[in-house]
Structure formats: C-alpha cells, structure tokens
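Note that subunit A is present in both complexes that follow, paired respectively with subunit B and with subunit C.
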Partner chain A sequence: MGIKPNSENTPSTGGDIKLKSGREGLMGWLNPTRYGWERVSYWLQRLTGVGLLIYFIGHIYETSSLVNGINAWNSMLELTQTTGGHIFLLLVIGASTFHTVNGLRLIFTESGIGIGRPGRPDYPYDATSLNYKQKSGIWVAMLLAAIAMLYGGMVMFGDVS
Partner chain B sequence: MPLLKLRESQIMKIHYLTGICAVFFVAIHILFRLIMPFGQSLEFHNVVANYHNMYYVILLELILVFISIHGFNGLRIILIELKQNQWWESTITILVLAAMIGVVAYGTRTIIIGSQL
Partner chain C sequence: MSEETNKIKLKVYRTNYNKEESPHYDEFEVSVKRWTTVLDALLDAKSYSDSSLGIRYSCRMASCGSCGMKINGKPRLACYTKISELNDQTIVCDPLPSFPRIRDLVTDFTEFFSHHKKIEPYIHNEKVPIEVVNKDDLVEFKQTPEDVDKYLQFSYCIKCGLCYSACPTVATDTKFPGPQALSQTYRYMADNRDSGESTRLDIIDDRHGIWRCHFAGSCSNVCPKGVDPALGIQLLKGHLIGITKNDKKIATLRSKEE
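Moving on, here comes the complex of A and B:
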C-alpha cells in the first residue's frame, strides 16, 4: 500500500491512492481557462506561430511555381486569388500582427521591463508580473491585429492600394 | 551531452533577433506589393522584375533565412515544452534543423532561378 503516480500503463490497485502524474501534455497546453488573458496570450502566440510557419512553407512552395514559367505561375495565382484565398490571407495578416506585437511584449517582459517590482505575497496573491501593463500589451496586440486585418481587407477586396 | 553547444539563453537571443529582423524585412517585402494595385503587383512580369533587383533578392534571402531560423526554433521550443528527455530533445533538434535546411535550400533555389529568368 502506498502513494503512486497514476500512470496510463499501470492500473491502480485497491490499496493505492490515485494521483495525477502532473503532466497534461497538449491538452494542458491548450487549456485557457485557469490563468486568464496571459494564458490566452500564451497559446495564441504558439498557435499563430505554428500557423505562420505552415503559411511560410506554403508560400515558398507557391512562389516556386515562378520557375516553371508564366502558365504555372498564373495557375497557382488562380488558386490564391479567390475570395477564400483572400480570407485566408486576412487570417495570416491578423496572426502575423498579433504574433509580432505580442512577441515584442514578451521580449520586454523577459528583459524585466513592465513586470513591476517583487512585492510581499498578500491575499489574494495577485502576481505583480501579471499587471495592467502586461494585460494592455495583450489587448494592444489584439487591437492592432484587428486593424491590420481591416486594412488588408480593404486592399484585397476594395480600392485601397 | 547536448546536441547543440549553444546555451538555451543564447538560442533565445537568436530567436528574438531573427524575429525582430524578420519584421522589418517582411514589412519591406509587403511594401513592394503595395507600390501598385495588389493584383497587378502579382503579375508574372512584375514579380520576375522584382527578382532582377539585386537588393530585393538579398532581402528575400534574408527573410528566408531569418524566418526559417525563427519559425523552426519556435517549433522546437513548443515540442520541447511538451516532453523533456535527452532522446526527445536531440531528435527534435535534428528534425527541425533538417527541415530548416531543406526549406532554406528550396527557397534559395527559387530565388536563384527566378533571378535568371
């Protein structure tokens, strides 16, 4: 009889006290519910990063059609110059703007800028590092992403150049 | 023994630096699409003309290298956050390095052939 971490491969016996292993894997990574906007920002940064990497690889492949001549280029362009293609580009614009602005906030944070001074932990134990400057940074990143998407939409769907 | 002799703090500095540089270079890259109506700027002859501009070609290569380093290192960071042991970290590092080299090589091929069209 004893306390053992609960492993998926080891079924617990009647006498053991079940404990979680503490590793939540991908689901823990994606769970935005426990830590507020900082957590949302955390996984949005990673989600947009992975999305942009996929777009980047796709963009390099798309551009490589240039070497096969004008017909191959125009065929590839037909795929992307559609309403669906433009909406996808809008998402890329929004993702890249958020990733950039939030990334700059993270660089400042890691340099110790904007996280405040350490203080005595008093109830309700709000971390000084999760202050209004950090939250404003996240909101500014989201706002700028929305503005960039709006401008991108006007360029692609409207007359703005 | 770690596969890369760089400390994680040094890798993060490279990550930040490549990210900041990529923002500036991509901004110039996008401006090239906006100097004329968006659709017109993507016409074959206009794009090929861009590839004949030596400064633009250097810019494209820098974007390719910086974003590849930043993007694949970001992917490595995410994957290492999910699981930690020596085998996993070495395998992920080798895979992202191989993918990074592959993407840079493929993109460089396009830039070289495109500049000779």
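Moving on, here comes the complex of A and C:
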C-alpha cells in the first residue's frame, strides 16, 4: 500500500489512502509566540512592512491632493491634526523606526554575519544562529521604536516643538 | 524507592479521512512519573484505553525522527519531550503542521522527502569511482578534523520534519524547499569531498527557493539535534551574494596503499 505524490511538490492522495492538507497557511505566521524573539521579529517586520506600504500609498494620495488646490491640501492636512490622525502617525513613526533598525540587523544576519560559525553541537543544543549578539538587534529596534514614538507623542500631544 | 506519580490529561487529535471521520480530540487520563515522555504517555493510552490510536514511532531515543508531532502548540519529538518539562497538567497532541494528515497523529512525509531529494543530497565528485570492481581499487578522501567540523553539525539531521513544520514560509508556500533541504545544501557545499556546489545552488536559487527565508529562526528553535538549519541557510545566502566565501579545496583521494 504505497503513498505516491501526484506531482513532485503536491500532497499525495495516491493509493487508497485519503490525505488532508495540514498546511497552516496565514495562521502559520500570524502567531509569533512559542518560537522565540526571532519569530516575533519576523512577524513585526512583516506587519510593519505591510503597514508602511499601505501608509506609502495613502501618503501619495494625500500629497497628490495638492494638484486640486490649496484648499484641498489644507482639508487633507486637517485629517492628521485630529487625535486619531496623531495616533495613526505615532504608529507610522514606530513602524518605520522598527522596520529600519531591524532591517539593518537582517541585512547582516541574512548575509551570514553575526550568527556564529558551524561547530560540534553539545547538549542542550542551543542554536548558534539564535545568539544574543544578533538577538539584541531586535531589542534595540524595539527600544528605538518606543523612544521615537514617545518623542513623536510629546511633539504631537505635548509642548515639545 | 517508589517514585512520585501524578495524573495528567492527554488530549489527542483524532481523525480518519478514510472513514470520513471528522477531526476531534479524545481525552485520556494517564499516570506519569518524572521521566515519563509524551510518547510513553501516548503508548500508555494506546495500550490501556484505545488501541486504535494512530502514532508513528520507532527508536524511542530521538534517533529515527518518526514521532514528531505538535505538543502543546510546538513541534517536538514525543520521545524526547518529558511531560514534566511542559509544566502543564493537560498535554495536547496534534499532527505536525504543514504535513498532509493521514490518520490521528500520523502525517505523510512524501512532499518533505521530495524536497530533500531535489537538492541531490549525496557527494558529487567525478573522482569517486561509481563502481568498485576490485577491492584494491578502494579509495578514501583525506579530511582533517577541521574539515569535518565545517559540515558535521548539519549531517546530524534525522529528517524528523520539526523544522519544516515550524517554518512560517513553508506554511504559505508549497514550493519552498524548507529549512531541512536548504541546510543540507549548505552541508554538502561545506563538505570538501563534494564538488557539486553549482548544481545545487542552481536548484535553490529560485523564486520559491532560498530567498523566501527571512530568518524567523523557528527551525533552529525546534531542532532536537542541534543542527541549526537557520545558520546553514544564512551562511548559504551570504555565499550566494558573495559576502561569505567558501574557499574549500576539494579533498584528494588516498588509495589503499597510501
């Protein structure tokens, strides 16, 4: 009773055995818990990336209102001067700071820099690539994003100019 | 000396697609000791509560890689996971994510192995005699311990599929080779007996290939053998973009007389 794939990379339904896909799909990466800081960083990098892309499109729409005259531009600017607009901009500040700093970390790690070298693994098998040197880049990115949001909040909601 | 026992609840994912059985969880109460593994508990439930429980296992010592399953939300080997280390009175066992499900906790590894085979996981070297007719023709490669250290850790892979099921890219892309196959590509690239680097790099340098990895590190987080697939993959990427060099010198052959 053999199980043979329909093609090289698709799940098999061969023989008389019925199979059901166990692929998690989007839910597979939406849950960042249980796999350590690198998975959290992966999740945040994607969320902030998608968020910034949406912001970028909105930003082009916002600035393009200038071609409709100064009144259209001013009414568009008023949207950002509300409490909701300020909170949205705070999220943009946090997202862009985290995405930039963590992106720099990823440029190094994904080039094989700062993740250690292969060696003989010893129990309890702590992975060299998940070392604190590169992991600290995630914490720095989070910290800088928090500081940038704090300063942005003080400028928008407080007296700092 | 009697050892303290306590009772835990084992929640096991059950289904049988051949009998149109809808997925559900069955609960078993099992007595466990300090050193009881999840596999021990499952076998206890199979022996004394429900003999139809579908589990795949063999060596019971983290060498064969057969008993991979999702235990309390994370891919682990059932034989290598002690109940006591989970710090929970309820142990939930699901089949490995990203693998097609056959029955209960048993999954199909056909797709996983096809990715592994695709990267041609064997030594490519024209100097190796394909067929040894005469025993006197037997030869071996000269390798120093330092040469071996460059790939040894990746050769400890037992193909249990835990890294594959933890990978967030595998979860959304069926054509992505996955951490196991990619780390084995690095294993052969780092091996100075092998000269098939360009062949394998052509295979993985693809739209659905190595560049879909974004260093989520989950593969290394769950690996029970210390293979660290994420390390191999990032080093391979560095090599592909020319940052890290693979300056290996192909090992020479030593004849029997030498």
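Structure notes:
Here is the rule we go by: the second predicted complex is superposed on the first by the 139 of 161 C-alpha atoms of A that agree within 3 Å, B and C clash if a C-alpha of one lies under 4 Å from a C-alpha of the other, contacts with A are read in each partner's own complex, and residues count from 1 in each chain.
As a convention for this text, a residue touches a chain if its C-beta (ideal position, glycine included) is under 8 Å from a C-beta of that chain, and two chains touch if they have at least 3 such contacts.
A quick note: this is a predicted structure, and the numbers were derived from the prediction, not measured.
Of the two partner chains placed around the shared chain by superposition, subunit B is the only one that A:103 touches, whereas subunit C remains out of contact.
Using the contact criterion defined above for the overlaid structures, shared-chain residue A:113 touches subunit C, although it does not reach subunit B.
Touch criterion met: A:25 reaches subunit B and subunit C at once.
Comparing subunit B with subunit C, the partner in contact with more residues of subunit A is C. By the document's definition of touching, of the two partners only subunit C reaches A:121; subunit B does not. In the superposition on chain A, contact of A:129 is made with subunit C only, not with subunit B.
Of the two partner chains placed by superposition, A:157 touches none, neither subunit B nor subunit C. When both complexes are overlaid on chain A, the residue A:38 reaches subunit C alone and has no touch with subunit B. Touched by subunit B in one complex and by subunit C in the other are residues 25-26, 29, 46, 110 of subunit A. Subunit A meets subunit C in the complex at residues 3-5, 8-12, 16-29, 33-36, 38-39, 41-42, 45-46, 106, 109-113, 115-116, 118-123, 125-130.
The part of subunit C that touches subunit A in the complex is made up of residues 15, 17-18, 73-74, 95-102, 107-108, 110-111, 114-115, 118, 149-154, 156, 166, 168-172, 174-175, 190, 213-218, 220-228, 230-232, 234-239, 241, 243-244.
In the complex of the two chains, the subunit B residues touching subunit A come out as 12, 16, 19-20, 23, 26, 34, 36-39, 42, 44, 47-48, 51, 64, 67-68, 71-72, 74-75, 78, 81-83, 103, 106-107, 109-110, 113-114, 117.
Chain contact summary for the complex, subunit A toward subunit B: residues 25-26, 29, 46, 49-50, 52-53, 56-57, 60-61, 63-64, 66-67, 70, 73-74, 77, 81, 96, 100, 103-104, 107, 110, 155-156, 161.
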